[in-house]
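Given below, in the form of structure tokens, are the structures.
Across the two complexes that follow, chain A remains constant while its partner is chain B and subsequently chain C.
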Partner chain A sequence: MISAFVVLVRIALRNLFASAINLVIGAIILFGTALVVVGGALLDSVDRAMSSSVIGSVAGHLQVYSAASRDELALYGDFGGEADLSPIQDFPKVKRALLSIEGVRKVVPMGINAALVASGNTVDLVLAELRELSNRKAKKETGLEGELEAQKQHVRQIIRVLRGDLEKSLAVMDKSAIEPEDLAALEQVSKDEFWAGFDRDPFGALEFLENRVAPQVSDADLLYLRYVGTDLGEFLRSFDRIRIVDGGPVPDGKRGFLFAKFFYEEGLKLKTARRLDKIHEALAQSGKKIAGDPVLERYVRENQSQTRDIVLQLGPEKTRLAIERLQRALLSKEQELSALLSSLFATDDSNFQERYRIFYEQVAPLLSLYRVRVGDTLTIKAFTRSGNVRSVNVKVYGTFAMEGLDKSPLAAAANLMDLMTFRDLYGFPSAETAEEISAMKAAAGAKEVDRSRAEEELFGGALVTQGSPVAIEESAVLGVRPRSRAEQLEDRVYTAEEIESGVVLNAAVLLDDAGRVPGVLRRIEELSGRERLGLKAVSWQKASGILGQMATAMKAALFFSAGIVFVIAMVIINNAMMMATLQRTQTIGTLRAIGAQRPFVLSMVLVETLVLGFLFGGGGALLGSLVMLLLGARGIPAFDDATYFFFSGPRLFPTLEVAQIAFALGIVTLVSIVSTLIPAVVATRVSPVVAMQAEE
Partner chain B sequence: MPPIVSIVDVVKEYRLGKVVVPALQGVSLEVHPGEFISVAGPSGSGKTTLLNLIGCVDTATRGQVSVGGNDTGKLSERQLTSLRLDTIGFIFQSFNLVSVLTVYQNVELPLLLARRLDSAERRGRVNGLLEQVGIASHERHRPSELSGGQRQRVAVARALVTEPKLVLADEPTANLDSATGQNIIDLMKEMNRRKGTTFIFSTHDPKVMEHANAVIRLSDGRIAGRDLPRGPAEARA
Partner chain C sequence: MRSNLALLSFAALAAPPAFGALGPEKMRGLLEEIDESQRNSGDYKALVYLEQREKDKTDVVRELLVYRRDEDDKLMLLFTKPKSESGKGYLRIDKNLWSYDPNVGKWERTTERERIGGTNSRRADFDESRLADEYDPSFASEGKLGNFEAVELKLTAKPNVDVAYPVVHLWVDKASHNVLKRQEFALSGKLLRTAYYPRWQKLFSPSKGTEVWVPQEIRIYDEVEKPNSTLVLIKSVDLNALGANLFTKAWLESKSR
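Moving on to the complex of A and B:
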């Protein structure tokens, strides 16, 4: 038996090198196998890299959400906004049930939503500070004069800049293109009399400035803020890929907000500084040059022309300091700050590092580089699930990064907030908020009105009281109550029970072992059915939404192209073997005549292709392994945001596993056999009579 | 002793489109063990067809062909193949060696198909035969490295290696010069004498026929006669 097989292999090997077409087939098999090995290993490595990042940063191994949801959960967002999920009403019960499943380590409650946040323009920010000071003065606080004066000077500086802008506009534009009211307002607030009267009626003056002057500066940004509401303490303990970068974690049980470092840098940093960072990064990490790079050149141009952000931020004293420092650093006699800044930012490959250093050492300390600083209170306005607008104040404790995903806009754009704030924003207020609302209703005399009696209730009673205008006492409106309410919320420490016993939208489930995902998914479904939890459980891939599916799509694309290669290989192998069979009918006939049964002939043809497959497939696997070894040692750089996400970092160091080689060889074997079946069957049909026909 | 080949009223017709071409028309024949028989006749007389039927590589249209006591018309394709392997050896006009195998491997091949002997027994038998046919020194050569006569010696060894009762040789000397052809016939005759193997070979070379015990003459698909050949001495005279 073995000897017969040896003969078959021997015949196969000899035939292999007898025909040139075999080498062509071999080359195709070699290429196809190498493709499967390299592609498969790469995608598996991407899968592993991505999975550890995604699992360890936000998704967990599994996610559960309400089966009644209209949309499917998409942790990284979906086309057309956030998924519409029904809330999980009784989270403690769900958590208890999930933790009872073997292999489940942690269950972290979550909710994801997004809001637009107006960052306010520079003038607004300066005026807000002035208002704050005026408020404190109105409350008889003393010793504020110096600060107040400096702030007023800052506002006057801004007004001077705006007037300068307007004059420049008038020089090039028709006067009718400029709003006369804007001009009049600017002229009014430029006058010394306006500022002499400021102390008499600070809130009147502020109102004028806020309504008539601030809107003339159009540098306010609307930021799209995506946030994950969660039990922050539990979250940070559960997800090992998250680390705090600036500030610190939100203390356990407190309300608070953590910015994703990426979002913080991209969305909230002074644009000029951000562009400098980006140029710096491109030069240092990617080895790029400014000259010839359209993006970097644009950054330089924008920095030169957009200096107003900085100019408006600086009060007179800081402006003087900045001018002095820049004159010294740039050896310039220029008196105007914006001109000095323009020449500072006129960078090229030779002077960039020096200018970058000057900016951060000399100018940046005078500026606030971020629109929102750690420790500030952030106001977020969001649509609730029912479509009303709600707004909450929440303190920013710091920033965090997701290891591996920290530069991916796809993944790192989600910020973190506590679950109580999330519920308030999402329209599921906590018990205390509900209580507060009913107290407010009672205080305002609001009562539930039956729809059918609404008209009578509202208008049927006594005549509406004639109103008369009265001056509103600003300090009273801005007074003690709302601030103390915000402070109360800020200081309040919630128990774990309070945090969990409320609405959550989804929950991350972390397991002991990633291999248990399918089993636990099944168990959750069983349990949900039995205990009527109404849960839907999905793997982290599925929960990653489009991104998870992109990985699958990439795999599909690879297998599709490998499939095409192998289909071509099949057609060619089939043809070649058919030709070879027809050329060898005499030999086959002889074998049949001297007593070879049909299976022997069948094996002969199959073994021939299998030997071909193994030789060249093995060669392809070897080639693929070498490529992977090389890639594994050098790493593959991420070239855009998407690859950064898939690689889970700036570089992917792919690995190769024996299973992948075995898989590739398995495919080659299958392709070889399938493509040789027809010629092999044809060969068995060769009659032994053929042997008797003389071959001249 | 029962005949090793028994043919009774055999008709073989080929169909070429709508035309039926008769190749054999009512042939009856008996061949006994140990005979050394020549089938003679002009081209198209049916020599090869007769050998095909005896060799079980083709079946009769009508009539009965028995080989080694088996009615071939009643055997399955698989059984016919086994019969060929166990009972019949073939020597072809064009030698039909497997070009990618060595001399030794070509001779060993039928034993591997038969799967009866272990490798030591195989080696002994193949080497013995290679000695007997005088090609032992070429056992590692490939057929392409041998002369026509040497190749046919290898073919003879291959035909005999399974120790068949019957060896069929279709024009075994047709592609050889007369001296070499003579050598091959001598070799076959020698094997016939030494082992008692029955040989049936076709030829139209009178010199080759001289060695046969009997010559069966075919003409237009019919047996025209079965006669003793003139002896070699007579032929030489």
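Moving on to the complex of A and C:
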């Protein structure tokens, strides 16, 4: 038996190099195997990178939330809105139960909501600072003179700029297009007498500036701020894809806010600086040119024409410094800052890098590049679940990025805040307030009206009554407001029990092994039913909504592409093997004529195929492995934001596993055998005489 | 001139069935009469109850003081109850509408579309009636509204006037010339709110030397989110003169210190 096999192998080896067609088939097998090795490894690497981006950023392997929720959990938003989730009942109990399941490593409490944050225009912001200083002075705080004077000078500088703008407008526009009240207000606040009287009545002067001058500037912003409230310490320890970019983490147990770096740059950075950054990125990373690129050309035009944000930010001293620096850098004698800035921003492919450097070295240090800076207090106003409007102040500790998702407008729009602040913005009225509201409703005694019959019910009786005015004393009706806790809240450190006891809308569940997801999902459902936890558990793909669907769709597309490559490779191998075998019909006929039995002929063909498959398939696997080694060492650069997401960062470093090589070899050999055996069986069934005459 | 127009419009209203034939001047006269009857030439202070009902949410209930100085178009709202809302407020000076929250100590510039206290009421629901200044009227229809004979006017916002609703339909009681119903539309023609004014009170104003009409109850129905509604009850009105420095940020801030 063994000797027969050895004979067959010898015949196979002799035939292998005797026939040119075998070498062609071998080359096809080699190429096909290499393709399967590289394609399979790349597919696995992209899938792993993409999944770990989402799992390691905010989703975890699983998410749990209340089964009583009206909507399904959507970690990255639900078409612009937020999912309406009911709070998880008794989170500490839920956490204990989840941690008892084998494979569950961490449970991180969360809640997601959004708010519109309005920031006044540039003048509003400067005047708010002046008002704050004036308030502090009115409370007899000393040592503020320097700051107050600088702020007043800044306002006066703004007024000079606004007057200059108005005069320019008057020169080119119809005078009737300009409101006379605006002009009169600017003239009044330009006078020295106005400022000489400022200290006598600072609040009167401020009211005039706030109501008559500030509305003339229209650069106010309205930000849609999305935030994930969580136990920040536990969150940062649990999610390995999060890294702090600016500032630092919020100290454990404290209230605080972290901006997503992408959101911070897009939403809060000075627009001119952001446009410069985008041009810089496009030139440096994507190899684009300004000339001929409509988007980059538009950025250049906007920067040249929109210099006002910068001009209004600078007080007289900083304006002087900026003019001096720009005159020196641009070798210009221009006296006006706005004209100098326009020249600075007149960029093209030849001067952009130099101008970019000048901006960041000479101008940026004089500016506030961000509307909210690290260390500032951010005021967030949101509608609570009960429909109330609630505002909170929270300190900004820094910015963070989620590796792989840091360029995704969807994922990187979510900022982080502590769970206590989240609850303040989300919460229901306290029991005391609910009782108070109940009493107010009873006292009002408003009658219930059926909306569908409102007109009959409301307009059936007398319309007009005679009354008499009464004296209303504020002190009698003004409720005593609870003392503000704002100052104490900032310094307070909350215990883990305090953080976990309260409203939690959803929780991320992190596992030891991603492969356990289906099993743990089942266990959570069983446990929830048994212990009446009222939980719904979903995989990270489902919880991630659009992003999860995108990842799944991308995975499917990758599988499909790899599948096509694989099928093409297999069809080529199959065709080549079939043709090669059919060409040997005459030889098979001769062998059969000289007494070779059918099984021997089939074994001979099969062994030849196996030898061919092992030799060239092995070569292909080796070639594929070398390619993967090279790609793994050098990395594949992401060429746009989509590939950045799929690669989970700027470069994908793919890896290769032994199983992928074995799979490629196995599948190529199997296809080769099937492709050979069918024509071989057909050939052995042909009568030897006919077979031997085949080419005659 | 204003009183002449008012007289003219009254004469026109008193002579049925001529509404359809009323020209723009006479319609404007009617609006001026509505504004004038609600205007107090001195100051105005009212204690107001505000209730917002929304589906699947707990009711929002507020009590607030409304301060008005019609002479120079000033308005201030100061929330008094519940305690957690006390000290919050709005201040309108010229074309600026500011909101203040003592919890964060910040002023915020808002717009005419601001939902007062998170309810479906707007600044204009508490302010002096300025229909003739803000809208151009035209005749729409006439008919019965409950027990009352009413005329329906279509009002279109004047150019460059910032109002919460660019198109308004107004039903006016033919007998008393009080507003009964108001429907507010977006520019697209979509109906946004319907408000009913089922109770009016006549008060003698010493500063005006005659009577002032004050709506005692306003029921606002959200036409976009159908189950939502807002109730405004004006519980008491004080027409005494207010302090000179009342309509300032400093005064409102001082109420929460």
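Rule of thumb we're sticking to: the second predicted complex is superposed on the first by the 448 of 696 C-alpha atoms of A that agree within 3 Å, B and C clash if a C-alpha of one lies under 4 Å from a C-alpha of the other, contacts with A are read in each partner's own complex, and residues count from 1 in each chain.
By definition in this document, a contact is a pair of C-beta atoms (placed from the backbone, for glycine too) under 8 Å apart; a residue touches a chain by one contact, two chains touch by 3 or more.
Keep in mind the model is a prediction, meaning the values are calculated, not measured.
In the superposition on chain A, contact is made by A:Ser3 with chain B only, not with chain C.
Set against each other, chain B and chain C touch different numbers of residues in chain A, with C touching more. By the touch criterion defined above, A:Arg385 lies against chain C but remains apart from chain B after alignment on the C-alpha atoms of chain A. Once the two complexes are overlaid on the shared chain, A:Lys441 sits against chain C while remaining clear of chain B. Within the superposed three-chain model, A:Glu210 lies in touch with chain C and out of touch with chain B [touch as defined at top]. In the superposition on chain A, contact of A:Ala18 is made with chain B only, not with chain C. Contacts of A:Asp124 after superposition: chain C is touched, whereas chain B is not reached. Once the two complexes are laid over each other on the shared chain, residue contacts for A:Ser687 go to chain B alone; chain C is not touched. Across the complex, chain B is touched by residues 1, 3-4, 7, 10-11, 14-15, 18, 586-587, 590-598, 600, 687-689, 691-692, 694-696 of chain A.
Across the complex, chain A is touched by residues 48, 51-52, 55, 57-58, 77-78, 81-82, 84-86, 89-90, 92-94, 96, 98-101, 105, 108-110, 112-115, 119, 122, 158, 162, 170-171, 174 of chain B. Contact residues on chain C toward chain A in their complex (touch as defined above): 45-47, 49, 51-52, 54, 56-61, 63, 65, 78, 80-87, 93-96, 101-110, 117-118, 145-148, 173, 176, 178, 180-181, 196, 198-205, 213-214, 216, 219, 221, 229, 231, 233, 235-240, 248-250, 253, 255-256.
Those residues of chain A lying in contact with chain C across their complex are 70, 118, 120-121, 124, 128, 131, 135, 203-204, 206-207, 210-212, 214-215, 220, 379, 381, 383, 385-389, 391-393, 428-430, 432-434, 436-437, 440-441, 444, 446, 449, 451, 454-456, 458-461, 463-472, 474, 477-482, 484, 486.
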